[in-house]
Every structure is written in structure tokens, then in C-alpha cells.
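First comes the structure, then the notes that go with it.
We just call them A, B, C and D in the order they show up, numbering each chain from 1.
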């Protein structure tokens, strides 16, 4: 297990004697509450589309995960906080019974946010009791479940942010989640060219190697054969993407995958999901009408041409790459480049998930985990596309080079951008 | 103007000197807040279907009505609380500019419930200032607008209840709006037969006669020619309706209007909207599985066979009447019977709106009010059906015998029931 | 029974000895085939929207009507042509069992058009045998069923035309049903003003009086009380309607009923259903780009400003009337004016059905026919609007002043236009 | 280029002198007509769902392909048969202008089937003139376009059959396309076990090697690294699939991919697309109610347990494999096994396309063809799954081991089945 999942929350004094796992537990769980901090009870209840969930639901569901997979099967005498919560807060585990319909999560004004916090405390108390009793040391499989629960919660921490951002985007008042946008590494200079990092191809081993935590979809580690390729040392910026728009990128069918072009026309896409023209009435008066604005966690602000572009669908990422005379990397090229080039492959994480040109298929020899937890990843392995890296909303320490994030190609509400690749010209 | 719109709220001492209109204003506006009282901020934000609105939106929209129609045109120096609120809280007045889309009202977590209350106070202060300045006395048209705003708010008071009830119905926890269901007049004895009140037909005058407030759709008062008919002295009860269900009412196409039968099959209707079988998991253990339960403002409770049935569509009301060998009254029969029989026509209001067999068409010579307020009623006069009477959710004093409530025939989330009628056998 | 339903088809010699009813039967049935004449087997199979039916289906369904209601119950020894056809060609009679889904009628490439013609002959032979046997004379109820079947077939003759016209409208080649558009009575001069025909109001009797055939929905005849009104002596013309368009009629919300305005925006309505701008690519080169064109049974042609406008929804008719400072007549005003003014009320039929401002509600004392045939009209009496008169596609002799045609207010594929009315100014 | 594409049509005498390409052209084009032979003009016009096209449209579109890509750019003096046909019969080539909407192809009763045949002759005459003029010999790129057009037509020959089969499936009469079902290789004995063919894995070269025709999506040929695996020597049979059904295969969520399980529930899937229970009313009387029946080109017949199962979605294929303790092969395993085992890998083609567990992604270094024809394959490379092999509807000579067929995972109207694979146990 990784030594520490999150280091950005101070420990309460009383927790000094806790085991490393219990400290990780406390940190991760506390971080979820911290993320919900700027949000009112009303904000925490809203669901702005079927794919997004309310903050409160995230807080409850991640607690239910520990209750359903750890406490109820493994904690002697544990009593569920409310037996009806399994129905409300199960996400998609068929093996654990029927569920409240996903698109109707926003209707759950009850239980209240206060009750959900009590639910979290109830689960946390039982978890700490279980961990303090030494159950983990004697049962490695149980410890693995707890770590899975924490990694699961970290995934929901990112979703909590992307989902509330979508909800705020649907509000004509364009509320800001926080006063200041999280900083993104900007390019040092406006016209800094891409540096292409070369890889000679050949046999590479990809997937998780067994040390530290990984999701089942990263296994088994296996060999793949790559062609020589080059990959950009940095992400595509908002400024570069604006040039694509200005050059008619959203009006030229020849740049687009067929399903993407259909969406461009049906939905009237003209820019990434949260971009606004400067004369949009939601921005209020006094803006430069000719300037793109971008809505983010810190509210709407003028587009910064030097930061990575986000809120792209796979279709937009691929169309941009086509326009730029390049292509998207495969997920294995990305992973091989990460190992080969280390920090020279800049902006690997902390900015934007990076669409790859790899559909989300199972690795050779893939086996889902046994039991209900086996539904975690495997059953989604069709119709989705892999993203690699990590975003500004990904909790620190959560991502790794073998990590396989995945979304349908039309998804735009994530912090999803792109890094270019191309075939090696000298081969 | 009516002397008093609502008498069930005590007056604050400081308001003793207010004009009758100002006292009415204070009472009506206070009643909206009282209705929102049992609801958390989360509850007040939710929208469970496009036809329903959040409580918070009702509170804000009714304030916007005074702001847009009274204060901004008529109160010198009035400053809007927030110029963006017109966009958010205009309901359907095309003449007043674009609006936030109706199905997305539930996404407005901001402005918060607290801000909406501040908005109400801002409007109330300005209204009281305007009324105290004697503007009403010198401008009867202005006074009419204020009264219209109060009547409008009373309509939203009923919707506030029906809409939150629908939201709670969508929650598997089936929360209760209030601890005790509002009392409904029950029949004195289980098998009390309907008494048929006869009317000889002939020329009757219907519509509002000019004294006291009425909506424009109740005018002009005009003569109609009725055939002899009989009308039931009371509403159809839950017990009677359960007999219709037990007799296969929802499985016999011959009883139904065509559009209604299509809905029965598409939606799987088997009972009124909020009825549950006793073994429904939402009811929890310990219920009589063979007994219908009804969800209402007081939560779920065993069906009371002696109370009026509600939550019916026009289709269900008409199918029941067909099954019972009777029919629905026309809106003019209802109105004539109300005048002719007075209190012998029991349960006219306070229990359930009563579907009539009259489509919602304009009266001869109908003219909508001039200006934006003319959109109030007239533009909805097609595709809807008239209900007469008043329900347990109708504010006291709001209904009158000439009142024309209207909903599409498929609507089931209102407190809508029925009263039988039939052609006179002896004519 | 009317002496003759249709006189425009010559009698075959062998039919000289037939009874008047049998001669009517032969004429009406022959007219359906004549209407299908210009259409290929392919044309006769297509269904361009759920509300429209293929020609072949009309030909088969009208035969099934005689088979199901006359031959099977009343013709001794009758054998169904194909027992599976009841499933395919029942339209909406629940009492007669399950049916092929309405929106999928166009998928029935089998039975072929040839087989459907054989089906018609099979039914016709049996019907003539039955009629020749004198069954009608001894059984008036049976004779009524046959007449109903013929009236039913005439209704489908009109639908056959409106449905194929819609299908051809959906074809970018804009095929013409026939070489020459059926003539419509044009105004004598371009600017001929409307003459307003006055009616003093008072008690009028409306509905069918018992002589000759009428549908059940025209009964019972009953007295109504009318206010004084005036009605236009002619229909609104294309030229007048074009002025409404040019004056921004489709861009001014204040003219429209709410549901209609929503459709204008959702569907992008800018003109009646089959109007095209002169530069529409479907018209091909050489047209005057500034001139409206109208697609009709004779194909696309320049709009004739002197002919009645058709292909209007109720919403458009009502918006035009509002724009013109008038209103639509009620169905009773229309009927009373027809009786009072006779031919001075020009263009009553033969041009366009005329939207009224009356929802399609049952008459006082209305009773549907007993048995399955009772589903003919009654079960549609909600959510629809009455049209009076008759159109260029209505078979000769089919319409009468008490006739109540009805369609949902959004329907545009019929030959539906309007005649203005207004309250009497001098009363 | 392959020496001959199709050998099953006799040559007309006059064509004896034609070049091999011209003879291939004549054979392929003639085969399309032969396939349309059993269908009436009505049958050829129908479109039963947006993904399917009418026979007539297939016949016209394949002609348009030659007109648009060969004749108009390359045949001097060629005159289009009808300039409007480009709009009607372009399928999805954005570079060639706007198109008739795909879901409305069934509305094109005009041009008639007769006109479409004349269109084919017009194109064929021009093509033969062009080929006779020796244009191909001097322009290899032009020859490649002609061959592409023939391969394209062969793809539509398969679709013509699958599309009309779907249309007939939607007809309650269940018409047969032909009197006798095309023979499928049956297993020699009822319980013949699968023989597992082993492959040691390692580096394999996949993709087209440059000899003979291939589509661009089969290139570039490249090396892949395979793990050791085993593959079934035959397809899964209807009898085996029926055992899966009987064992609750359609009721056990744990066997299914998530999107597949959602479809099972939404669509009520209980068996492959064209299976019927013996008591289905469409089968008529006299069937064994307990026996599955299968609808195919020869009509409905009792399920033959020894023939390959078809009409499966990817979801069903994958669920079956999971139930059987196996998995689907990847497309590269399939291709490697085809090369390694030759005819021991039975039923490679001629029976059913075989779903693989490979999403349809571009090969490393893939480049679409230049110009409009580059839209042929590349723009569909996301959201689809690869099938390998070939079906009973695939024209003889059309398939090859590198062929990549692809459909969305939910597609069921193709002749799509499966072959099992598994990881090598001894490695």
C-alpha cells in the first residue's frame, strides 16, 4: 500500500496514535468535507444532468461504499445507519440490489445534508474502531478493500468538483466555487513551441507492476509492441485552441470523426464546453466582447492563452490534432513516454486529463475482482475512451502513469484536454 | 375589492395602522412564508418535473410579479433588488423578455433561499411604502394590480404545496410535509349514498358579476342555456374509487377516452397518482399488504375510504364516471348548481378541485387585460380542461363559484377529484 | 338515408338493377380506387409520419370496416379474406382486439397493393351479395351500418389525399399527385374586402335534426344561446396571410396562444406548412426568389394571393385572427350563420376546413353508438378543436352544416384554413 | 487486384470481350439486381429503422458511388442521370455536399424502382464505355476507384439482405425473402464439443500485406505482440445459446457489460433479435409452443440447435462468453489464428460475423485515403467494435482474414455471432 494518500490535511491530536492506514483514512475522508465546504446545502443537493451527481450524494455514496463492502461484511455487530440508504446511495452495483435511479439523485432533498454528515461520522467511527482493533493487520484482503474505498473516494472528490462546476455552469448567475481559480502551470512565453520527445518504439511493458495500489483495470502488466513515435512535451493551450476555432475548426467536417461532427451540428458546439464570448449576457457589462472567457472553479475569467485547454470531448481533441497535422497518442505511447522521459514530459498531471486514441478495452488476461466489487471497472469496458494523466481536480497522490481514466467520447464536463503525438518522421 | 383575502394570520402590532389592502398584502405574503416553513433550504430548491417549480422559485417569482408589474412601473425611485432576477423569475411573460428555461428552475441553487427571503423583504418594504403613500387610493388600476398580485400569490401557494408533494413522492423515503394530514370532511357513514340535486335547466347567467375580484377568464358574465341535469351532492370518495379499481377500471378500454387509455398503458397507471399498495417497499414493514395507502402532505397513510379521492387526471375522472353510469358536469352546470343549491352542494371547496367536462375556451366577448399582464390567462385557452371548486391546498377565501381553474387532461399532481352528474331522467 | 352519396362515377351496366344503397356503395368504393389511381405501389405503401397512413392501408382499412362491422356479424357464411388482416387493418377499435401499431403502418410492404385490391373485391362481392339478398330492407340497423361504412370511407378518401400530400412534401423531388391542381374559387378581385354578415344572437338550435345521415357527435340537436356576432362572408386568402407573415406575424409572441408560440420556436415555423420561398433548392432554378410558392396536389406553384390559405394549425389561424383585429367563430356561430345566410356565407365547403374557437366537447346528452362502433367519435372528445365546413379534398356530398370535423390544434397537414368572426359592434 | 470478385453469375454473350475488370463489374452489379429480384417495388422502398436503408436506395447509392467518384471526375462528357440524385443518394460524404436525411430514406417513393433501374443502366453504360476506352490501364488510381466501388457495392449487397430481413421482421406476416433458407454448415453431431486451437502468442504481423484489394482500415500491416491463447474451432450454436437462455442468461446482471445490461432491461431482450417463442401469434397455429423459432431469409422455422447463432449484439456475445467461462478473441488473435490454423479454424466465413473484444481503433500509422473517399472508414473509428470473418450474406470472395467489419455494440440486425477464446492455461 502507498505510504500516504494525501498530505494536505493536518491531523487532529487525538489521531496521533492511529495506524498509517487510519491516518490515510482520516485525511482522505476529511478532504471530501473540505471540498464540500464552499457549498451550501442547496448547492450540495443539485444534479444538473444524469451523468453528474449531487455533492451530498457523493458524500453519502463514498460512505456507503465503506459500509457495504467493509463494515457490514467484516465489522462484528455493525448496525447500518439507516437500512434505506443502501437503496439511495448504491451507485451501480447490481449484486447489491436495486438502486435509486441515477438521473433522480437530485430529488433527494432528504436525507438532508446534516443527516448525510451524521452518516459519514457514523461510518467513520465504525471504521476507526475496526482499524484500531487490528483487523487490517490480520486480514490483508480487508486492508485492500479499505484502500480501494479511499481511492474510490478520491475519484469521487474529482467528480464532486466537475459535477458542481457543471451545475454552476447551468446557472445564469455563473457562481464561483471558490474565490480564486486553482493555479495551472502556464507556459513561460506566449509562443513557446512544442518540443517533440521521441520514442524508438519496440517492446514496452505497460500496466501496473504490483507495488502500491492500482485499480484492476491497470492489470495485468503486459508487453506491447510500439511503433516509433514522438509526443509533445506539453499540453495544447487555450491560445492554440482558440486559433483552431478562429480557423473554422468547428465548421470543417473533414477534421472530425463522424459522431463528433453530428454532435457539433446537433448541439451547436462552437468552443469548449465552458467558453463564453465576451458579450454573453451572463458575464455582465464591461467585458471585452471580442475576447473568449472561460468558466472555471473560480468563476468566469478572460481566457488565458497560456494555460492548457480543458472541457474538451474526445471528438474535439481529435479534430484539433487533425487540424494541427498530428494525432492523439495511444494510451501505451503515453505510458511509455512517461516512463522514458520522466519530467521532460511536462504537465503529466495536475492540469488536464489527456484524451488518448485508445478505446477502453480489457488488458490481456484481465480479471475483475471477485464479488460485487468486481463491478468496479470491468463492466464499463466498451464504448469509452481512455484518458491518461490527471487534472487540477485530481487529488494529490491519486494519479500514476499506469492510471486508466475513461469517459464516453462525447463527455465534456471533465477537466479533459490533450497532448499531441505523431509518427516518427525518421523511421 | 374583497374586504379581506385571508384571515388566518395574526397581524403584527406595527401594522395596525395599515390600510385594508396593506393588511391583506401582509397576510398573503406572510402565508407564503408560513407554507415554506416546514421545508429546508434543500427542499425549497428541488424541481421534480418540468411542470412543477421549486418552493424557492415560487417565493421569488411572486415577489418578482410585484416588482415587475407594480414597483418598477409605478414606484418612483424603486431600485430592483438584483437586475438579473427578472431573467430568473419571470415565468412566462413574453412581453417582459427572455427567461430562464422552465425545466431548469431546480438548478438555481443560487440565489440562496436566504437571498430570496431578502428579496421578498426588499419588495415588501417597497410595497408597503408605496401603499402607505396613498398611491392606491388615487390609482384604482394600480390597486387592481396589487390585488391581482395577491391572488396570483395565492395561486402559487397552492402550487407550492402540490409541487413539493410531487417532489416528496419522488423520494423513496416518502417524507411528510407536515406531521398531520390536513383534515378532509369525511362522509358520516361508510355507505352514504349520493344524493342527486336536480336542476331544471334553462337560461343561466355564468361568469363573474363585477363585485369583488375575479380573473379575466371568468368574464364577461353571460347567459348560457342548460339542459335539465342532476348533480351529486358530494365528491367521489377513495372507497368508491377503490371499487372502480377492483372492478378492473384500469383494464377496460371501453371506459376511457382514447388519449387516457394510451397513458394508462404507456405509464402503467393502476391507481391515482399517489396511491401505493401496502407491500410497497417504500412503506417499510408492518403494513397491511392488501390495503391501499395514500401519500399526502402528512406522509403515507392507509387509504381512508370516506374521504374524497384526489390526484386524478381528467381521464381517470371521466373513466370513473362512465363506470358509475354517470358523467362529469360541465363547468356551467357546476356553477349553476352552486348558485341554486348553496351548501346542499357539499364539498364545493376545501377538498378537491373537480374536473368538469368543459374544455377551457374563452367566454363570449372575452378580452385579455391590456399589456404584459394580459398573458395571465388568455394565452392558455386551448388544450386544457376546466376544474371547478377548490382544494384543501387552496388558500382560504381564494376560490369562488365562478373560478375557472384549468389543467391539461393528463395532469395528476394536483388535488383534483370529481363530482358526478347525469342528465335528468324525468325530462 | 340520403338518396345518393356521390354522383360523380358512372354506373357499370351490370349494376343497373342494384338498389340505391348498392349503387351508393359502388360509387363510394369506386371513388377510393380512383383516388389511388395516380399512385404507384410504392407511393401507396409509404407513411411519412405517425398521424398519416399509407394509401394502401386506407384502402384495406375501409374494407376491413365493412368486413368487421357488417359481413362477419351479419353475412351468413362469410369467410374472412385473411384472418390476419383484422390485426393489420383495425385502426383503433379496442373492442375488436390488438392492432398493428399505428406508426408502423408504413412497414407493411406485404400484403402487396395487388393483394389489397383483391381484398377489396372480396369484400365488395360479399357486400353486393348481402345487399342483393334484401338484408338491408329488413334490417334498418344493418343499413345504417353500411351507410356509416360509406361515410367512413369518404372520410378516409380525404385523409388519403392529405396523407399522400404530406408524404410527397417530405420528398425533395416534390412530386405532384396530379397534373393540375384542383380549382379553388378565387376572389373576383385582388382587394375584395370581407363583407361581414351579422347575426343577432339568441337561442339557436344546433346539431343534426334526424333527417339523413349524421355522425353521432352531431347529436343530440339542442338549443344554444348566442351573443350577437358578425362573420366573414369568405375565407382568409393566401395573399392576406402573406401580409401577416410580412408584418412579422411569426415573430410576435403577443399574437399567439402559448402552446402555439412554443411550436413556432421549436419547429421554426415561418409560414403555412407547405409554403416555400422561391429560392428553395427543391423548386429548382428559374423561380422568382422573392415569391412564396405553395406545394399542393398539383405540385409546387407560385402562391396565388386570391385563393384561400390552407395547411394552417389552429395556432396560426388564431394568431392571424388576432393580428387582423378579429377572432375565430365558435362552432355554433358558424352553424347558425350557415343556416341564416346560406350561400351568402361563401366558400363554406370545397376549399378549406375552417378552424373554430370551440374545443371538441360532447353535446349535452351525447351518447356514443352501442358496441365497438361506439368508439368511432366519442373517445376522442378531449384535446381537439372543431373545424367546420369542408375542403377541396372532401368528397362531394359528404359535408353538411352540422358536420364536426376535429383535429389537435397543432395539426397542419390538413386542408385547414380560417374564416374570421367578431363580436357585434352595435350591441 | 484480385482476378475475379464473383463467379456465380453467367456472362452475357456480348460481354465476352470485356476486360477482367469489366467482367467483375458486370458480375458484381448483376448480383445486386439478383438480390433485389425476390422483392416487389413496395418491398424495395421500405426503411424499417434509421440504421437500415431501402433496397432501392442501396441500388441507387451504389450507382451514385460510381457516378460521383469515377464518372463525374474522370469520364469526359459524362452527364449525370439526374442532378438531384446526388442529394438523394449520397450516404455520408460531407465533402460532396448536403444529403437527404438518413432516417427518411424510406420516404423516397420517387424516384420509382423503375427509374432507379434506369439510373443503374445509365451508370453501367457509361462505366463500360469508360472501361472499354482503356482508361483503367493507363490510370491505376482510377482502376483502384472502380475496384473500391465494387467492394463498396458488395458491402451494400450484405446490407441489402440484413436490411430487408429487418423490415420483414417488423411485418406481423413474417414474409420470407426466399423460399429456402440459405444452408449453413451444421455441426456433424448434436454434442460435438469445441476443439480449442492453441496459439503460442509472440509477435505477429496483422493487417493487409499489399497484394489484392483491401480497405484502408486494414492498413498499415504492422507487428503486434500476443499472449498465448486458445480459440474455438467453430462458432457457438443456437443450441448452446438456448442453454444460456435457459440458464437465466438474460436475467443475471453479473454476466453483462453495463451498457448491455441496461439494454436488456430497457428493451426487454430475452433472446437473439429474431427468435420467437413457439406460441407467438405471428407464427400461426400448429407450432410447438415450447420450441424456439428463428426468423431468417427463408421465413420463420424451428430453431436448429446445430447451426451458428446469429443476430447477437456484442453485449450478448460477451455475456454468453462470460457464462461459458471463456471470452471473445481480440481481432488480432482472430487474425493470427486464421493464418496459423487455416481451415482447422472452421466456419471462418459464410456463417456469421464474429464479434471480437477489440474496439475499432485506427492501426498505427493509419492514413485515410485522400479526398472525399477518405471518409469511407476512418471517420467511424470510435465507439464501434470489430467483427471478423464473414456471414452467409457476405458475397462470395468479398471477405478475407484481414477484413475489419465494425458495428456499434448494440447492433443486432446483422448476421453476427461469436467464436469463443480463452487464455492459454498451460502458459
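Structural remarks
What we mean here is this: a contact is a pair of C-beta atoms (placed from the backbone, for glycine too) under 8 Å apart; a residue touches a chain by one contact, two chains touch by 3 or more.
Remember, predicted model here, so these are calculated numbers, not experimental data.
Under the contact definition, chain B and chain C share no contacting chain.
The greatest centre-to-centre gap from chain C, using C-alpha centroids, is found for A. Note on chain placement: the centre of chain B and the centre of chain D lie 59 Å apart, centres being C-alpha means.
With centres defined as mean CA coordinates, chain D is found 38 Å away from chain A.
Distance from the chain A centre to the chain B centre is 46 Å, each centre being the mean of its Cα atoms. Taken residue by residue, chain C touches two or more other chains at no position, since every residue touches fewer.
Those chain pairs judged to touch are A-B, A-D, B-C, C-D. Of all residues in chain A, only 40-46, 48, 84, 87-88, 100, 104, 106-113, 167, 170-173, 175 touch chain B in the complex they form. Residues 92, 94-95, 203, 222-227, 253-254, 256-259, 261, 314-315, 318, 330, 357-362, 364-365, 375, 379-383, 385, 409, 423 of chain B are the ones that touch chain C when the two sit in their complex.
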